[in-house]
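The first chain written gets the first letter, and so on, giving A, B, C and D; residue counts start at 1 in each chain.
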Amino acid sequence: MLNYITSYLGSPVTPGQAGNQLWALIYVLIIFAGVSVVVMAMNWLERKALAHFQIRLGPMRVGPHGLLQPIADALKLMLKEDIIPSEADQFVFWVAPLIGLLAAFTVYTVIPFGPSQAVSDMNIGILFMLGVSSLGVLGIVTAGWASNSHYPLIGALRSSAQMVSYEVAMGLAVVSAILMTSLNATGTGTLSMIGIVQAQQQQGIWFLFKFFPLGFIAFIIFAIAMVAETNRAPFDLAEAESELTAGFHTEYSGLRWSLFMLAEYAAMIAVSAIAVTLWLGGWMRPFPNLLNAPVWEFIFSLFPALTFAALAGFALIGTVRMPSHSFFKIQRIGLGVFALLLAFIALVLLLIAIVGHNSDNSIAARTREGIDYIYWFMLKVSIFMYLFIWYRATWPRYRFDQLMRVGWKVMLPISLGVLIVTAIVGVVVK
Amino acid sequence: MNPAMNVGAAPVATPWFFYGLAAAAVISGLLVITRRNAVHSALALIITLLSVAGLYLMLYAPFVAGVQIIVYAGGIMVLFLFVIMLVSIERASKERQFNRIWPVGLVASCALLALFLSAFAKGKALLPDRMMQLPESTNTQQIAAMLYGDAGKMGQYTFTFEIASLLLLVAILGAVIMTKKKI
Amino acid sequence: MPWTSPMVEKYKSQYGSAVEAQSYLGQNYFTVDRSLIPNILRLLRDEEQFDYCVDVTAVHYPQREKQFDVVWILYSFQRNERIRVKTQIADGASIPSSVAIWATANWLEREVYDMFGIKFDGHPDLKRILLPDGWKGFPLRKDYGILQQDKEWVQINLGIESGQ
Amino acid sequence: MTDRTKNDHAKDVPNAAAYVGGTKLDTSHLELETPEHPYLDSNELIINMGPQHPATHGVLRVILKLDGEKVLGTECVIGYLHRGVEKIAENRTYTMFNPYVDRMDYVAAVSNGLGYCQAVEKLLNVEAPPRANYIRVILTELNRIASHQLWLGTHALDIGAMTPLFYTFRDREEILKIFEKYCGARLTTHAFRIGGCLYETYAGFEKEVKSFLKFVAPKIDEYEALLTTNRIWLERTKNVGTISAADAIALGVTGPVLRASGVKWDIRKAIPYANYADFDFEIPTGENGDTYDRYLVRMVEMRQSLRIIEQAVNGIPEGPIMAKVPKVIKPAVGEIYHSIEAPKGELGYFIVSDGSTQPYRLRVRPPSFVNLQALDVMVRGMLVADVVAVIGTLDIVLGEVDR
């Protein structure tokens, strides 16, 4: 048994490619649980970061620095009365959040956290991702319609028009990145998510910097379109609270409402993962070809441990700075334990990094590699997550006609132009 | 050989998947035509389309499956719903659904049934004697080769494909002009 | 204290005793006959540039025969001058609306109707504005007690005869 | 006699709120969806914005007639916050009524108090002493900044920018602290009395106001840095809710809304009250009369208020703060109209005295009420999102609209 598990850790391909259904299922479960936890953490982080942008403190009461707030929120939402308006279309109202959630989570089956750290390496990976994430709008549309109320209906109409419009620019930006994958010896590109990252590795450059500024413009287009796709500020017209109270989920409450939130955050992470995969080199650490001496390898593999050590340090500072009133005793202990936990994780990661570097133990080496891949991937994704919060704190909301104008008259021509120029440059370079 | 790796063993596409997907497609297809509420029909149609996409995947045609999802389920059905939502559901649900053209429908379904029966009677003679082992990884490239040709040569369907895209472009322009009084 | 100015002379010569001009603590006002009402307001706007109608309101004097004073407060940007125009009308009588002269009079007249029950002829949409549509009585009349409606609600809806 | 311990009248009266004055409300005209006009069959969609809506600044209810998202017409339903201030005034003495005016425009309570006190002073024919006037000007202008800050925060929030709200509230807090130190209250201050001020300035008042001036000037720059050149802000506010100068005058619109349409008119300059004539300040005007111009006008007004406060604090004289006013205020028979430039526009008091201790009639000319009337003109042909922006830019306070 142990042998089986350890041997799997050393597998160089994804469970999907290996045809191993059991491992695929385990991966799916890990990803589902992991994404749910990350969404909860994101919830806390967003509230905290937004609060600090806005000179507030954010959640402070539940647990030290509000660390347990997401759990309290989740509990509250689960225990809340689940209200279905009497005039609503009961079945569609019931099923709408599930559609959104399913679409958001299905995308994760093809996201490559590493060359073998994915459920499956689909041949049409990026196409599948775009297709499935476009299904998410069905959840919003049906939710808005089923509520049988004006504000949700307008919200649903807005969001469907918005998503359909921005998908076009988004798709064209993606195609220009896919074109770049074909600039190799055989002349054939790939739609596979893992293949795209490997193409960047072979060409020795992130597609962000390829044919500068072409890749960069395509990336910017995608970065804007993905905010619109996930209905986040400044494109959050579907749930514009100052105009449509809460848009498409005005009539939703409790668990069903939280499913919408879960889907929204999961979709945010998913589209960020697409951007990272296509333009930021996916799981690759910085300069994998340039700084490829073993010593650099070792230094970069220390980063996960250092990150956790830094987080532990922050938690420690927080523990020390906690007011010395007896009221804060439990909080102080809690934060201290949390700091110790982070420090312990850092220690384990450090150990893995050192053992994996020095020994010939292939399992340790592969574990270290896997941790590196996932770490760099998540780090890049988290930059986008931070940007999402930053946008929300900074910008006002677009109006619907302006949104459409930007989508069709600015983003679409630019992405088309970039696509054409990329194709021409690609042919010339060849 | 790594014991965890059993490449080339039983593919994911087992008969059970086929039966499940086929049943989903048929049942939701029936729902499409029996539901009085147009939105319910549309949702059932989405399930049908997704099941068919799953069947394409089983046929080692992932590109077609992806296009099926992205174009039909993600694009066209959203527009369908968009339109249906603006129509008065209360009135539409009271209207008779089986109207005067039912003889035409009957003839069409009879013809289709005859086709199915003949295929069933001829049996295996029509089908390849074993499952085609198309490599999944090259399916998309084969489509590309058909459309654009291998390494510089003109593909088999390049002209047709370009004509079709031109036709679509004209249709788009026509739609824009028809809906918009001044541009 | 009488108010004298070229404008006053002009209107006095035009309308005679139907127009009185007075001044109190440096604030000038016309008291005009009800029959002059839309015309003199229009003339004030067109000829004397009183293009800004500050307020339309009313005062209730129950002991008088003509119970209501309707007051227009006007301002002229060019002259930097503020005047008032007053007229007296009886209870139940209506008065021509000034919405056609100053658009702002729309809601102001509605409020006067709401609070005093004075009808404005030719008002585009004369209905209650601040109070609900089913309200009984006109609260700013002097004979409208501040407790009566509260009492009535209690009596009707809670069945308490004393009303408190 | 019913058992009053049993709170079951809700059961007996199915729609208790619909009973007013003993009669059942006729709500037939409020039926937005009638058999003749089912909303789904026509192109027109009627939606009901408010009275509980995050962007209607209280309990404003706007019935919007839409074609898609385009506004074909609006109807404001107001009065949800009607407390009968004018009726209350007739049943209170002049002194007793003074705190009530703070409850109208509770965001700019000091301005309301100033207008009322000055109107009664005018009726009594007394003048507040110079030191009182200086204190009044300082507090009123501080209140103007506070009101504009609150407006900016909520207006930006309506348009979707969350952060300015918190910045403006942080800085408004400093003003409220000064109010609290001066008179003990933060919002409904009741700072002034008829004839002057009741309280002498506290020790260090001048210093604190001066340090506030230093504190807030860069903060106003900070708000502007977030919004003035923000592309989305420009798109959302330029050419939105435009009103021409002629329309604005015809509709009786006053305050920053009128000035943004290009009419250079401010009662502080046109008919100076208190001692505004002593101070040197500019009246900002706009050109297009759109939401962006109104935004700019108010931003400049905040800076001009700072200028006035600076001059007032530096020039504040010693002396009494209360004029000789009789203990029982009994003005002679007569009537008076006095108006001041409140942050929202012209705030007027029309007082009729019958020689008794209570006003015979007191009429408030509320700027928000009159300005709100322009909403329909400003949003026709715009989109739903613009309605929210325009309600925000009108800077209405429902306490004053409904009184």
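As a convention for this text, a contact is a pair of C-beta atoms (placed from the backbone, for glycine too) under 8 Å apart; a residue touches a chain by one contact, two chains touch by 3 or more.
Please read these numbers as outputs of a predicted model, since none were measured by experiment.
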item: Count of contact steps on the shortest path from chain A to chain C; value: 2
item: Which of A-B and A-D has more C-beta contact pairs; value: A-B
item: From chain B, the most remote chain by mean C-alpha position; value: C
item: Mean-CA-position distance for chain D and chain A (Å); value: 45
item: Averaged-CA centre spacing for the pair chain D and chain B, given as whole angstrom; value: 61
item: Separation of chain A from chain B, taking each centre as the mean of its C-alpha atoms, in whole Å; value: 30
item: Centroid distance [mean C-alpha coordinates] between chain D and chain C, Å; value: 24
item: Contacting residues of chain D [partner chain A, same complex]; value: 45, 47-48, 53-55, 69, 156-163, 165-167, 170, 226-227, 230, 232-233, 235-236, 383-388
item: Chain B residues within the chain A interface of the complex; value: 2-12, 37, 39-40, 43, 46, 62-63, 65-67, 69-70, 73-75, 77-79, 81-82, 85, 136-137, 139-141, 151
item: Contacting residues of chain A [partner chain B, same complex]; value: 3-4, 7-8, 10-11, 13, 16-21, 23, 89, 91-92, 95, 122-124, 127-128, 130-132, 134-135, 137-138, 141-142, 144-146, 153, 156-157, 160-161, 163-164, 167, 187-188, 191
item: Of all residues in chain C, those that touch chain D in their complex; value: 24-25, 27, 51-55, 57, 59-60, 71, 73, 77, 80, 82, 84, 102-104, 106-108, 111, 115, 128-137, 139-140, 142, 144, 146, 149, 152-153, 155-161
item: Contact footprint of chain C on chain D as seen in their complex; value: 1-2, 4, 9, 12-13, 16, 18-27, 29, 78-79, 82, 84, 86-88, 90-91, 122-123, 125, 247, 249-253, 263, 265, 270-271, 334-337, 339, 346, 348, 350, 352, 360-361, 363, 365, 369-370, 373, 402-403
